[in-house]
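The same chain A turns up in both complexes below, where it pairs with chain B and then with chain C.
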Partner chain A sequence: MDAIQSILVYTVVLGSLYLLIALGFSLICGVLGIFNLGYGATFLVAIYGMWMLLSTIGVNLWVAIIGVFILQFLFTLGIIYFPIVKRYMEKEELLLTSLLLVSLIVEETVNHFYPVTAGVDIPTAIFSHTLQLGSVSIPAQMLIVIIAAVLITAFFVYFLMKTRIGFKIRAISQQLEASRLLGVRVERVYALAMILSVVPPTICMLIIAPIWAIEPNMGHSLLQTAILVTILGGLGNLRGTVMASFIVGLIASSVAFLGNPRLVGMSILLVVFFVMIFKPQGIAKSETLW
Partner chain B sequence: MKREILKSGGFFSIVTILIIFTFFLCGTVGESIAKEPIKIGLIGALSTPYGASNKAALDISIEEINAAGGIMGRPVELITEDWKREVPLAVAAYKKLVLNDKCLLVFTEGTEGSTACAQVASRLYPSQPHLMFAFWTAHEGFTDLVADDYDKYKFIFRVYPSTADTYNSDLGFIEFFKDTIGAKKLALLIEDIGWTEVYRKGRPGVFPTQREYFEKNGIEVVYYGITDIKEKMFLPIFEKVAASGADSIYWITGYTDTVTLVKQWAQSPAKNMDLVFQSGACSYAAFWNMTGEQALGITATWPEILIPYTKESKTFLEKLRAKKAGFLASSYGAYDGPWILKGAIEKAGGADDVEKLIKAIETGEFQRGFWVWAFDKRHEPKKGHPYHPTVLGQFQENGDYILVHPKVLVDLTNPDREYVRVKELRKRAGQ
Partner chain C sequence: MSLLTIENVTKRFGGLTAVDNVSMEIKEGEIVGLIGPNGAGKTTLMNLIAGTFNPEEGKIVFDGHDITKLEPFQVCRRGVSRTYQIPRPFPDMTALMNVGVGVLCGKKRPNMSLVDGMLDASHCLEFVGLFGKRNILARDLSLFELRALELARALATTPRLILIDEVMAGLNQAEGRVAIRLIEKIIEEFHVTILWIEHVMKIIMEATQRVVVLHYGEIISSGLPGEIANDPQVIEAYLGEKIA
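Now for the complex of A and B:
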């Protein structure tokens, strides 16, 4: 009974976390139809941008939070979208190589200025105690992760389903040329999608920094998580991404509590592998964004 | 005229001058030979904090030797090679350092790098005798080379802790758990990687597994786990550990992300259990900041704490910090290593006969910045005070990194402080 409680609680906790990590990647996959291999750098910009503003420039926490979002928008438009994505949209090999390269450059830069021994710490803990849910204890900070995941997903769904620009985004994700012919300014919508894509990972990193790894190569594992969830969800389908996040959360918590925590990573990889073999379109069809 | 010069003894004067001049020339040559530098090689992963720290420690050591007149009047020169943690590069670097640069001593790094270099070195040794000091090489099997085939590997010495130290009764590791912590029920976790093999599998007839070892010594292992070095989500593990009834956790880490681990431990149901690490980033004093000050109560081996063995201990640490290099488990051997060589050369009466140098190291005792270095038959450092210890430090209030083991060094370093159980520390901190 205790194990079942643990599995249920951690399915929600981990599922929410995976959702925040993967949502932006999935959005880019759905709208622009590309694999943003520079997505790993987004996490670094969030954490180390925040640290730079706090420790090097010396602004206060709230200014730093606003500043890091501005930094993210500048980074994603000024370094990822305009110089690379827009230019190499039709040249996949150049696009992927350039995005990966940017990610590695960011990692090296961070490693130079703020190596792991620099003691980077983001003071964004709202809670620092544990929360008892039945027989299970979780860091109370994880509750913020769950709330953030729900709110951001709700915002994305509302924005995509109910707003005019949301219609345009969905139209582009389904029929690019038709949308263009109907007067949708595709590049502007792409740029907006790029901006939207960095919001969930930035919020995610700010919330989990007090209980998560902060190191220059942290982007790799987070990118891997985003890719796995997105593939499982159906390459760019946000509904699929939500479902995939909680399925991965269920697998992780079931293996950890009923089996061996050592096998969590392998179990997730195997499930995604078999989904790719037997249901390559993923859980949801990828023709639509939602 | 010529005859007159000869008659007046001029001939003898010229011969005398020539003889003196010849002696002078020989003396000059002799002096220039005497001033030929003694070369020390370092094969390090120089772009990593470990490699950079080892190089900085060697630089400091050699600068001090040269400032004190070198070794028997000969200056010491350090030649560094970067192996980028790639074994073929380490092997190539070793050949270069011994054959081209004529290094008398080569420091090697890492179990895989050192083991590969030992094979190359054994082939080079007959034609180019030299010494090899290995650090960042914890695998206890490394020094079996010397034990199994002394003639082939007698030039190898380890200047670094060994995984076997845990089993060494002179180091009192088990007593730390039993007496200092008061552990009765232990959660034992071991990261799944090569260097921890002896802890997971033991060595038949030599060492038990860590689990067996603790249980034989009266500490019940109520939770046992093998963990992935890439793990980032430790909360389910702590959930299970807390449910196991353990009162303490011993996590054998080296490559595991201990920063994340501690952040999650501090907000898990296991947060009141004592947590001891073997190796990893937790050894740094900066670990306190890296974890957002959540490392209260964490204990780790080889902490970045100044232990004032000699007057040079402090100056070395100050110089190391001035070079912005970390103080690591390998810093001791890196700093003291060249001084061991100096002592051996002086004992042997010169650097020409490497066999004599080996005997001098085998039979001598050497001390500079830290403990007394003496080597056993396997060319392992002798263990237990005043020789090579195993030291443990604990993060206490305000991030003070306090030495908590062994007692003799605690008395030397922070006599008014001792180990405090995590629960008590949290209570004091109002957590």
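Now for the complex of A and C:
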């Protein structure tokens, strides 16, 4: 009984977390049709950008939060989109290699200025106590993760389904060439999608930084999570991504509470691997973004 | 007055010269047929006009503006639209939304809401006879309906020049007749200029005022439909394939 309660609670908590981690990656996969391997660096820019603003430059918390978003937009447009993605869109090997290189450079830079031993302390915790749900206790801050996941997903869906720009984004994701010919300014919409894509990971990091182990190489496992969820969700379908996040959450919590916590990573990888082999289109029902 | 002027345009794909030093002119209101054997470079020429490709050499002028190096969205907003030989709908959008993309993006309309866009789109759909199918996903439409949808989408951008790439391909005779009638209706109603690729000679002969013949990327003949049909070079280009 306790195990079932734990599994339920953690499916929701982890599912929300995975969703925040994967949403931006999935959007770019669906709209631009690429794997943004620079996405891992987005998490580092969020956390260490914040830490740089707070500790090295010494601004107050609110200025730092605004600053980190600006930094993120500059990073994604000025380093990821315009110099690399836009230029190498049609040349996949160059695209993937350069994106990977950029994320490694970011990691090395972070490691140089803020090595693990120096520690990072980001005071964005809203709750610092733990919460007792039946027999399960979780950090109350995790509630914010759930709320953020719901709100951001709702915003994404609203934006895609109800706004003009969202309409153009969907057109591009379904038939690129016809969109161009019908007057859609594809490059501009791409740039906007890139901006949108860094919002969830930034918010996610701001929420969990206070309760997580922060290290300069954390981008890899976060990128891996984003990739796995996106593949399972059908490469860019947002509804699929939402479902996939919670499925992965369910796998992780079931294995952790019924089996061995050390097998969590392995079981997620195996499930996604078999989905790729037997159902490469993932769990999504259609090609649309939603 | 000349609406479209193509001057010495060349496009190569690697070693292959798909369009070779082509020059032609289309006057406002003209219906011009573009014919030639498979692989002659007809579709490529349309792609050059629409901005999908840029030519290596030469110049394309539309309505007095040099459009040679413009992006497709810019060419579209200047008043050129096209249909595809193989329809390219937005598969997971309804017919109405497919046309809506053209309405909302084909001209600069920053203040038009999605709802107003869809209203305009429904007029275009009605014009091509697809109003009853407005809520059907494009992936579920028949080939004939997709061709009508392509025409509706082209109209939605309020073009002055429409590039039509083979409406007839794959349609049966009855459908073909409806499609031709539809294009005639578009010409009557909107006074558009048309460059029209078609393999069915009979249609080119009946529906166009002037015909240009491409062969291996070069213009080998052009003139009135009747003249073209009797041009030995043209006959050879078409028959040559079969006899050789």
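Here is the rule we go by: the second predicted complex is superposed on the first by the 288 of 290 C-alpha atoms of A that agree within 3 Å, B and C clash if a C-alpha of one lies under 4 Å from a C-alpha of the other, contacts with A are read in each partner's own complex, and residues count from 1 in each chain.
Convention: contacts are C-beta pairs under 8 Å (C-beta built on N, C-alpha and C of every residue); 3 or more make two chains touch, one makes a residue touch a chain.
Not measured: the values here are computed from a predicted model.
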- Item | In the superposition, chain B vs chain C on chain A residues touched | B
- Task: Considering only the touch criterion stated at the top, classify A:163 as touching first (chain B), second (chain C), both, or neither.
- Result: second
- Pick one for A:130: touches chain B only (first), chain C only (second), both, or neither. first
- Message: Tell me the contact category for A:171 with respect to chain B and chain C: first, second, both or neither.
- Response: second
- Could you tell me if A:67 is touching chain B, chain C, both of them or neither one (first, second, both, neither)? neither
- Once the structures are superposed on A, label A:182 by its partner contacts, choosing first (chain B), second (chain C), both or neither. second
- Message: I'd like to know which partner A:119 touches here: chain B for first, chain C for second, both or neither.
- Response: first
- Query: Where on chain A is chain B touching in the complex?
  - Reply: 2, 6, 10, 13-14, 115-123, 125, 128-130, 136-141, 210-215, 221, 252-253, 256-257, 260-262, 264-265
- Message: Help me check something: in the complex, which residues belonging to chain B touch chain A?
- Response: 49, 192, 225-228, 230-233, 235-237, 239-240, 242-243, 257, 259-260, 263-264, 266-269, 271, 281, 284, 286, 288-294, 326
- Task: Report the residues of chain A in contact with chain C in the complex, numbered from low to high.
- Result: 162-164, 167-168, 170-171, 174-175, 177-186, 286-288
- Note on the structure: In the complex, the residues of chain C that touch chain A are 50, 52, 71-73, 76-77, 81-82, 84, 88-93, 97, 100-102, 104-107, 113-114, 117, 153, 156-157
